[in-house]
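By written order: A, B and C. Residues from 1 in each chain.
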Amino acid sequence: MTVRTAELLMAITTLLVSLGLMLNVYTDDLSIGWVRGRGPGAGMWPFWLSAGMALASVATLVRWAQKKTPESRNTDPYISRDTIFLVSISAGSVLALLIMMTFIGTYLALVVFMLFFVRFMGRHSWPMTLGFAIGTPIFVYLLFEVALTKYLPKGLPIFEDAFLWVDNFRYEWFY
Amino acid sequence: METVLVSLGSGLLEAFQPLNLMMIFAGCLAGLFVGCMPGLGSVNGVAILLPITFLVPPTTAIIFLAALYYGAMYGGAISSITLGIPGASTAVATVFDGRPMAQQGKADQALMAAAIASFIGGTVSIILFTLFAPPLAAFALKFGPQEEFALMLLAFATFIGLGGDDIPKTIFSILLGLVLAAVGFDIISGSPRLIFFDMVEFQRGIGFLVLAIGIYGIGEMLWTLETTSGKVQMHNVKISMSRMKENFKQIRQYINSTWLGSFLGFFVGTLPAAGATPAALMSYGLSKTFSKDPDSFGKGNVAGVAAPEAANNAASTGSMLPMITLGIPGSPTTAILLGGMIIWGLRPGPLLFTESPDFVWGLIGSMYVANAVTVVLNIALIPVFIRVLAMPFTLLTPIIFTLCVLGVFATTDRMFDTWIMLIIGIVGYLMRKLNYPVAPAVLAIVLGPLAERSLRQSLISAQGDATTFITRPISLVCICLALALVLFPVVQRILRKRKKAAESRA
Amino acid sequence: MNTFKLLVASASALALTAPAALAEWQPKKPVEFIIMAGTGGGADQIARLLQGLIQKKDLSPRPFIPINKPGGSGAEALRYMQDKAGDNHTVMMTLNSFYTTPIIQEDLGIDVTEFTPIGLMAMDTFLLWVNTDREDITDLDSFNAAVSEAGKNWKVGGTGSGQEDSVLTAMMEAEFGYDVTYIPFPGGGTVAKNLVGNQIDSTVNNPAEQMEFWRAGNTKPLVQFSAERMPAFPDVPTAKELGVEIEYYMQRSVNGPPDMDPEAVEWYVNLFQELFDSEEWQAFCKSDGLTCEKMMKGEDLATFHENQKVAHEKLIEKVGAGAITGE
């Protein structure tokens, strides 16, 4: 896909999103006009701003057709082959991290995440890898759980119970 | 005047009590640490450490929390500069020039400028606070919704120059930010708006931090990976004493922006609704407008770091003013501090100054000390912060991603926002590649709700009569200033052209 | 300082948790203390005070973590609790939006009587306030005269459409037959500031939010909407004394999600009873004008919730949801 095609697709998407937002406000029965004696209704702000977004998208489309933007004259690939790998694997790893946090809990997820990045992406030595894979969860535990009393996602009950078993030592030994 | 000095003296004495001094030090350090973690701003730190302070006397407790608040304000600049992720909304404007400076290998200069500007901003602000607290509080009361809206117009007017070169895309970006800010429950009408897919989570709205961390954390990281192909890292800076001295001398380049930011920040901060974020943004915008070289802003101009940093520190002190004189919070953090004061048995309100002078002056005294402690800590720690930039990308990337995810989770305690952050990050990256500027969207989501709410409050109170904005003096002045700001660059350009034409003729 | 903390902790542990230790159930993990309002408001202050007291007195083997879920006048919090049905480690600090939000937002599908009642910590009251500059207004009659004359020009400040004070404002409009302009602000503190700065003409506010301005002589109360005069305001007449049938309270109770285990409920009830009886809590109630005579719990509280729910349904029907939501 060239940058030129990408700009067209993006402008069409932003236009559709703007229209979708307008429709969303409109179908919610929010008053999009000026209410007499009260000023703007609840829907006026989002509705007309979305309309403005739609107009801006149309302007971009027109400029694309007239080849006025630098992007519309650019026929280089939108994302080059090298970067598509790097970028998608990074974005994918965050996605995987979020999914893992939901199921196996934050700490195990972080171990896997760190192993992946440090060992497989970075090809660092095993001591370094293990240091990060174990050090990060411990740091996160101390900062978020102990110091800031946040209860991070623990995943499915079985993983939560395992965590609580470990967490119990903290209360038994230090309080 | 004399009584002020005497009270201040006793306040400083209070701050120099060994226990209090220790607490100031601990608070500043804790604040720096919490503040430089993306997502964990002073709100988190103060809220969580509040119960600990039940164990010490109230004055010591508030000194500790105020020091923490202060430290966090400085800390926000650190992640803005080194990681390119604003730790809190107040540090957004610091990213604009701080990040490019770090990429050019000038992170130490940026950090130094941030520290010094913060110190000046904080100090100016405390002095103003000490001298003029009561009359300023009276002035803040004159600010109704109309004035707030006019102030928002002024804030928007200062951003005119911040957009990209592609006007339709810049407009789209601003409007997108404003619309995203409207997601959630509308407090004026009490009806839910833009609840996508009927998910009840959207009723809370899309938080600023979710958007900012998505765009600057995830999006920026993907962008950096692409531009560097994951190989080259930012220039490593060798810190030496002589370089530090040189950095210190640079102060001339940003001193004007710093003064501007300090006074503007304090003034905006004292208004209960505004707070430090609009102050920092306005200060950045104004510095750019009145700069001799506005085009260098956003590309690593050190004045672009100093202006917002001076303003946000000045404003954070300023926002203590409505809290202490009226018992009204100027920011979420001061709201929690207020809660703390109530728990300690103090009664924040108009009588606090006369009924608990030891407490108030102890707090003011501690702000002088905390400011000095934090600037020293900050400059001393610059080499440590710089080390972060020297890490290979395969180590830095996972750490940043982890901090982004956990930081977003910590602000709202729900996974939902981390998903939104990821989506915004990827979309932001894709749009950025097509020359859609991202900064306007981030600014708009901060100011959008304030602007919409004050506009509607004013019109309701004036029963739909829009002339209400120009019949009230303070509001009229703000609107005229906003117009002047919009016209200023145009006039300047015309004048320059004429001058050039005149020169070429001669 | 650490030694000090340890000493305090162990001493209070011996003194206070001894009976609690006999109970079978105890929290095994940190307890989420949900607040159905934003940071800095009344509910938030109370929840954070309670959390602080739990920590200070070492009443729980695991910490209580205050979490604000203010979205949609508490809709987000209610839905969260509903989804946590059967969970023994979540409790919620509520206010009256506990009743009003499910009525106004019908499609939320929440029935609060299914929630597990734990304890009613306090009843908060409302008063009608005006700026002291208004020397022409001295009592309810002169207030009503001024409002009727100003009509729509009379500006009432409040904390948001659908909130308690908007309900009360709607009740007053219905009772006295006038129509005022209601302006929502974020939080009671901002309302107070706007009243002191004469940006609005009147407000109905909890005592805590106006107390200091009143003591400083900036604002004055005209009427209280409780059954009897509060000790803090002995000279202010109640609406009932003046022959006006308006009585309205704000409940501040702690509730759990539906289907909590009875052993867990017992533990929480004991915990909050202990907090309720503590000197600190009683002192806070006194200084903030809250009514805390006896903690209502169990069946009593369930009945109370049911009655309140019905009362609010009637109220909203009477004044019309439109009058509350504003459009």
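One rule holds in what follows: contacts are C-beta pairs under 8 Å (C-beta built on N, C-alpha and C of every residue); 3 or more make two chains touch, one makes a residue touch a chain.
These numbers were taken from a predicted model, which means no experiment stands behind them.
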Inset, instruction - Return the chains common to the contact lists of chain A and chain C. - result: B
Inset, instruction - Return the chain label for which the distance between chain Cα mean and whole-protein Cα mean is smallest. - result: B
Inset, instruction - Compute the distance, rounded to whole Å, between the mean C-alpha positions of chain A and chain C. - result: 36
Legend entry - Distance between chain centroids, defined by C-alpha means - chain B, chain C (Å): 32
Inset, instruction - Go ahead and note the Å separation of the Cα centroids belonging to chain A and chain B. - result: 23
Legend entry - For chain C, residues that touch 2 or more chains besides their own: 32, 152, 327
Legend entry - Multi-partner residues of chain A (at least 2 other chains): 35, 37-38, 41-42, 149-151
Legend entry - Per-residue multi-chain contacts in chain B, two or more chains: 188-189, 191-192, 413, 460, 463
Legend entry - Residue ranges of chain C in contact with chain B within the complex: 1, 4-5, 8, 32, 39-40, 44-45, 48-49, 51-52, 55-56, 66-67, 69-73, 75-76, 79, 104-105, 108, 152-153, 155, 160-162, 166, 181-187, 189-190, 192-194, 196-200, 211-213, 215-216, 218, 283-284, 287-288, 324-327
Legend entry - Residue ranges of chain A touching chain B (in the complex, touch as defined): 3, 6-7, 10, 14, 21, 24-25, 28, 30, 34-43, 45-46, 49-50, 52-53, 56-57, 59-60, 63, 69-71, 78-79, 82-83, 86-87, 90-91, 93-95, 97-98, 101-102, 106, 110, 113-114, 117-118, 121-124, 132, 136, 140, 143-144, 147-153
Inset, instruction - Could you pull out which chain B residues touch chain A in their complex? - result: 34, 37, 40, 44-45, 48, 166, 168-169, 171-172, 175-176, 178-179, 182, 186, 188-189, 191-196, 218, 221-222, 225-226, 229-230, 392-395, 397-399, 401-402, 404-406, 409-410, 413, 415, 418-419, 422, 425-426, 429-431, 433-436, 452, 455-456, 458-460, 462-464, 466
Inset, instruction - Mind listing the chain C positions that touch chain A in their complex? - result: 9, 28-30, 32, 61-63, 65, 152, 327
Legend entry - chain A - residues contacting chain C, complex: 31, 35, 37-38, 41-42, 149-151, 160, 164, 167, 171, 175
